[in-house]
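Below you'll find a set of structures to go through.
In the two complexes that follow, chain A is the common piece, with chain B as its partner first and chain C second.
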Partner chain A sequence: MTDTTAPLAAPAPAPPVRTRLETLALYVCLFVLLAVIIFPIYWLVLNSLKFQRDFFTNPPVYFPPELTLGHWGEAMGNPLNQRYMLNTAVVAVISTFTATAAGTLCAYVLARIRMRWRLNGILLFAILICRLFPPVSLAIPYYLLMRQFGLLDTQAALVIAYTGLALPFVTWMMLTFFQDLPKEVERAAMVDGCTVVQRFLWVVLPMSVPAMAVSATFVFIAVWNELLYAITLTTLNAKTIPVAIASFVGDNALAWGPMSALSVASFVPVLLLALAAQRYLIRGLTFGAVKG
Partner chain B sequence: MLGRLLRDDRKVGLLFLIPGVAALLFTYVVPLLYSLGLSLADWDIRRPGSQWAFAGLDNYLEVLTSDAFWEAGGRSLVYTLVALPVQLVLGTLVALLLTDERINGKLSALTRVLLLIPLMLPPVVLGILWRLLLNVNYGPTNHLLGLVGIEPLTWVSAPDTAMMAVIMVEVISNTCVVAMILIGGILSLPVEPLRAAEVDGAGPLRILFEIKLPQLASYYLIIILIRLMDLLKTFDFIYALTGGGPGEATLVLNLYIYRVGQRFLDYPLASAASWIFLIILLPLSIWLLLRAVSSSREYLND
Partner chain C sequence: MANYLRLDRITKSFGSFTAVSDATVDIAPGEFTTLVGPSGCGKTTLLNIVAALERPSSGAVMIDGKDVTQLSARERGIAMVFQSYALYPHLTIRQNLGFPLRVQKVAKPERERRVREVAELVEIGHLLDRKPRELSGGQRQRVAIGRAIIRPSTVCLLDEPLSNLDAALRVRVRAELKLLFGRMGTTTLFVTHDQSEAMTMSDRIVVMRDGKVQQQGKPLELYQKPANAFVASFIGSPQMNLMEARVDSEGGRALLRAGSLTLPLDDGQAARLGSRRAVTLGIRPEAITINRVPGGASLAARIELVEHLGNSAIVHYRGPAGDQIVGMELLDASIGAGWSGEAWLDPASVHLFDTETTLAL
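What follows is the complex of A and B.
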């Protein structure tokens, strides 16, 4: 397009034209990528703010002249949704805490102390195997067992299920972290007569806070977003936001406004958390399996 | 007494292991044994007072001889084997684009942060969102495609296009994961061999295939392992996007098991199906474990 002027300026600028065309092509690709990422989010936010009359039109309304907060009021003002939001937060916070604490303790022992009966290898293998199970194979026994113990539709049931879901992940991630952590400081503490507990609390724990924070962030996001266990184990009292959103599909397929508002509302906390921790999350994506 | 206990590394180690091991016991071992027992039983929750009766391998035979199970398995296979290579290729292209020196550094850094959005989006929201985008009559996708002259597509509302649409949504959202991991890899590559190759006159494609990609092999291995596991576990977003439908067009194995269990309340049959699924996954899992577990280690109490 604009590159036609370049050859006139000098007799041998063929490479620059090619380079500029290539750069242009790269920017076009970048633009397409940005559009694919941003447009869906824009559409969701827009749908949560559109007036009802702007939904079912063809062509769709991309820039409505007027916006409304009505759907937000309907979604967030509903006491049931407020309760689901609270449930989600409570369950996510508690299970993040239990999984991170138990997983870190496990990982520390597996990385540092040779146990009897090759327990290190056996436990590590068991934990990794657990990570591979499709949750759907556990959902049914969970449902029937929780029913037997009277835990159906309680936050406790979800906390138990989510702790189990997250524990292998935390253990694996913290294990790779501890294996990379230099042992010299701990050896020095050992020479000074510190016990395992003292070494763990005073030497290791302060160094591990960032790694624990990263794995906790991952766990929190996964639990906050989880649908399968929540939809299996809860009906009303302990229902979480993903279940509430999914139920729009069946019952209220045309309530696009409140559905979008609730979706955006459930995404915002996760997004803020992810943006705050984004530098560390990318490394955690590989479960610490790639050193780099 | 307590002092002696605290001095014994292994005993304290056992104490440290208790919470984790107990959690694994209650959330994996017990439920899996329960599900194994259930899969061998004849039991109907809908009949009041129905008791477990040993049924041998009846449920397994019923699953293995039912077309629905194999069709769902086939759909899982198609879903996984199409989505994985496509997102690997696209993820590589995106990673190369965002590490290209000809693109403004600030812009590509910003885009890298934006890649987090599809990654963090709750799967349910992803499903809902694409339900809106792909709506045949009122969705923007068909309208925008119409602007460049493409006929409206049926997407998730017709059985013959639904699987393609589901795979497309999966690819769009998880190409970002692939790209993010690869960007980390590309940025950590040593610069000297690349410069040397450029000076020697190697073209960009040769540099890519003979220098960059081979050095990223370990990253690709990890990506394939992670994505493979996740693809075989996918439930949430398909549930929200199509619910397995229309008809059974997108009923992958996970949704099939869920449907047999939670909708038709045939728990023994669903348990048998999930055990067959687990047994099929086992070779893959073991291969994965051998790859992932690092072997050389030294301990503090040696």
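What follows is the complex of A and C.
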């Protein structure tokens, strides 16, 4: 008798044990990594909502039964903190704008104009050199300079310092971008009759927006969270949020609740910006890595 | 009105490297001229000099008798199609086409009218609101051509615009381009490394090698009377057979001996040889056939390979001395590898070149 039954399809082989173990290990690693990153943020947010009595319990309360918005009211209701928040925003926006604009122009010139005596290389190194010093070593000269100009404790002092500090970063980042930007598009603009300025404004600049957005985001985040220069160059009027947060640490006590609330509040704008620029950020990190 | 372009003794050096050396080219108004040569021969550098994207180290660019060497691209009024098309990626096709007019501050309604007109001409009317990245290679190329022809220009420059297209599309587009520029009557300088493009599209061809102009003239002139062995081998497909030949005589008649081939020369050819004992012999593949040529010379050979093209066939022969020679059958006969017999050629059709200077005799 002939067997007419169609042969059964072989069941899909179970993944090898090693693969399953590897997957499990991968997930454990990811979980640990995520916990390390997320937990401090969770703890900060929790601290901003905890009652005072829950701060120093032993063992710590990870999921308090009751929460309060009191610390938020205290931190954000304080007119001084509102002013510091405004200071931070003003200084961050202006510094980011000036550093990005000046750095982009600088990078474009260095990428496109070949100067005599290898000046391009010399200038680029000169720009880089001020990033090689530890930031604290430049804080004192900046302090003396601002005192000389009568700019201590002003937003202008911070804008000048931050722009100067961010300029090398933007220049180098944009330089890599311009070096990879196809020259033929600019040549086409020249043949189409553009002047140098038209070429830059109508062709190069619109094509550079993603790269500029990335540079600007990095600068903004750095400036928004900067403490060293802010604490050196300001005392009261131009104080920024990081200085205000630091000043919650007193000699005898530490106002955990309001400090955490203010920290979370200052974290939100940066988070929103990072989310908005996320698709550019990933591309930005690989600038110059591959030719487009 | 079409313009007259003259490149007068142009030399361009980059440090110690000379990209273009003493090149003089004249292009008559409305003429479609092609710069052709192998990669690195200096043709694109010469084109960039015409476009004012490079300044020559010496020499002059003249448009209608006026020296424009020191003028910018903007002032020369030149249009150009780039090899990569160089479309503005952030602009729509409509904005790309209208860009040269925007630079010239042409009023928006007029700009829009010209964009529509050109878009219809190059058949991209339905793509105006798309961005370049949404277009195929062929469509992008049309946009680049449209952008070049949207405003009146003194000279239109085309830098290998067909090189990014697939083979079938390239053949179609080159015919369209020729018709389009013929209709517009614009003086056009076209750069390519493909000799078949140069032959099919040009009114005149300028052949370049190592930065030097080798020969310029009408396509058939270059094919039939190449100035030197390089032009002879570069123009024509399959390439001309070039072989070293020894000058000999038999019964008072001059002969050329090259490998398995013995070729009697007529009096005119013998006179051109002068006192030379060796020359380079050039034979076009279509001059070699398996059919008997009355009064022709024959060569005992074996067919090693046949490349059938449908309407013709390229035949690779090997002589008893081991020398290879390529022939062509204009009707694709049913011949195949392994055939042995006599291949024929007409001695009058051969080209003779000086072995040292490579110049035609």
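Annotations
Convention: the second predicted complex is superposed on the first by the 252 of 292 C-alpha atoms of A that agree within 3 Å, B and C clash if a C-alpha of one lies under 4 Å from a C-alpha of the other, contacts with A are read in each partner's own complex, and residues count from 1 in each chain.
Here is the rule we use: a contact is a pair of C-beta atoms (placed from the backbone, for glycine too) under 8 Å apart; a residue touches a chain by one contact, two chains touch by 3 or more.
Every value quoted in this text rests on a predicted model; they were computed, and no experiment measured them.
Partners chain B and chain C fit side by side in the overlay (superposition on chain A). Contacts of A:187 after superposition: both chain B and chain C are touched.
By the document's definition of touching, of the two partners only chain B reaches A:125; chain C does not.
Legend: residue contacts after superposition of the two complexes on their common chain; A:106 is shown touching chain B, with no touch to chain C.
With both structures placed on the common chain, the touch criterion links A:86 to neither chain B nor chain C.
When both complexes are overlaid on chain A, the residue A:195 reaches chain B and chain C alike. When the shared chain is aligned, chain B comes close enough to touch A:116, but chain C does not. Looking at the shared chain after the overlay, A:142 reaches chain B, while chain C stays out of its contact range. Ranking chain B and chain C by residues of chain A touched puts B first. The gap separating chain B from chain C at its narrowest, counted between C-alpha atoms of the superposed chains, is 7 angstrom. On chain A, the patch touched by chain B and the patch touched by chain C overlap at residues 187, 190, 195. Of all residues in chain A, those touching chain C in their complex are 182, 184-185, 187-195, 198, 202-203, 206-207, 209.
Residues 6-7, 9-10, 12-14, 16-17, 19-21, 23-24, 26-28, 30-32, 34-35, 38, 93-94, 97-98, 100, 102-103, 107-108, 111, 113-125, 127-133, 137-140, 143, 172, 176-177, 180-181, 183-185, 188, 218-219, 222-223, 226, 229, 232-233, 235-236, 239-240, 243, 254, 257-258, 261-262, 267, 270-271, 274-275, 277-278, 281, 285, 288-289, 292-294, 297-302 of chain B are the ones touching chain A in the complex.
Remark: chain C residues 51-53, 72-74, 78-80, 82-84, 86-91, 99-100, 103-104, 147 touch chain A in the complex. Chain contact summary for the complex, chain A toward chain B: residues 19, 22-23, 26-27, 29-30, 33-34, 36-41, 43-44, 47, 55-60, 62, 98-99, 101-103, 105-106, 108-109, 111-116, 120, 123-145, 160-161, 163-165, 167-168, 171, 179, 183, 186-187, 190, 195-197, 200, 221, 224-228, 231-232, 242, 245-246, 248-250, 256, 259-260, 263, 266-267, 270-271, 274-275, 278, 281-283, 285-287, 289-290, 292.
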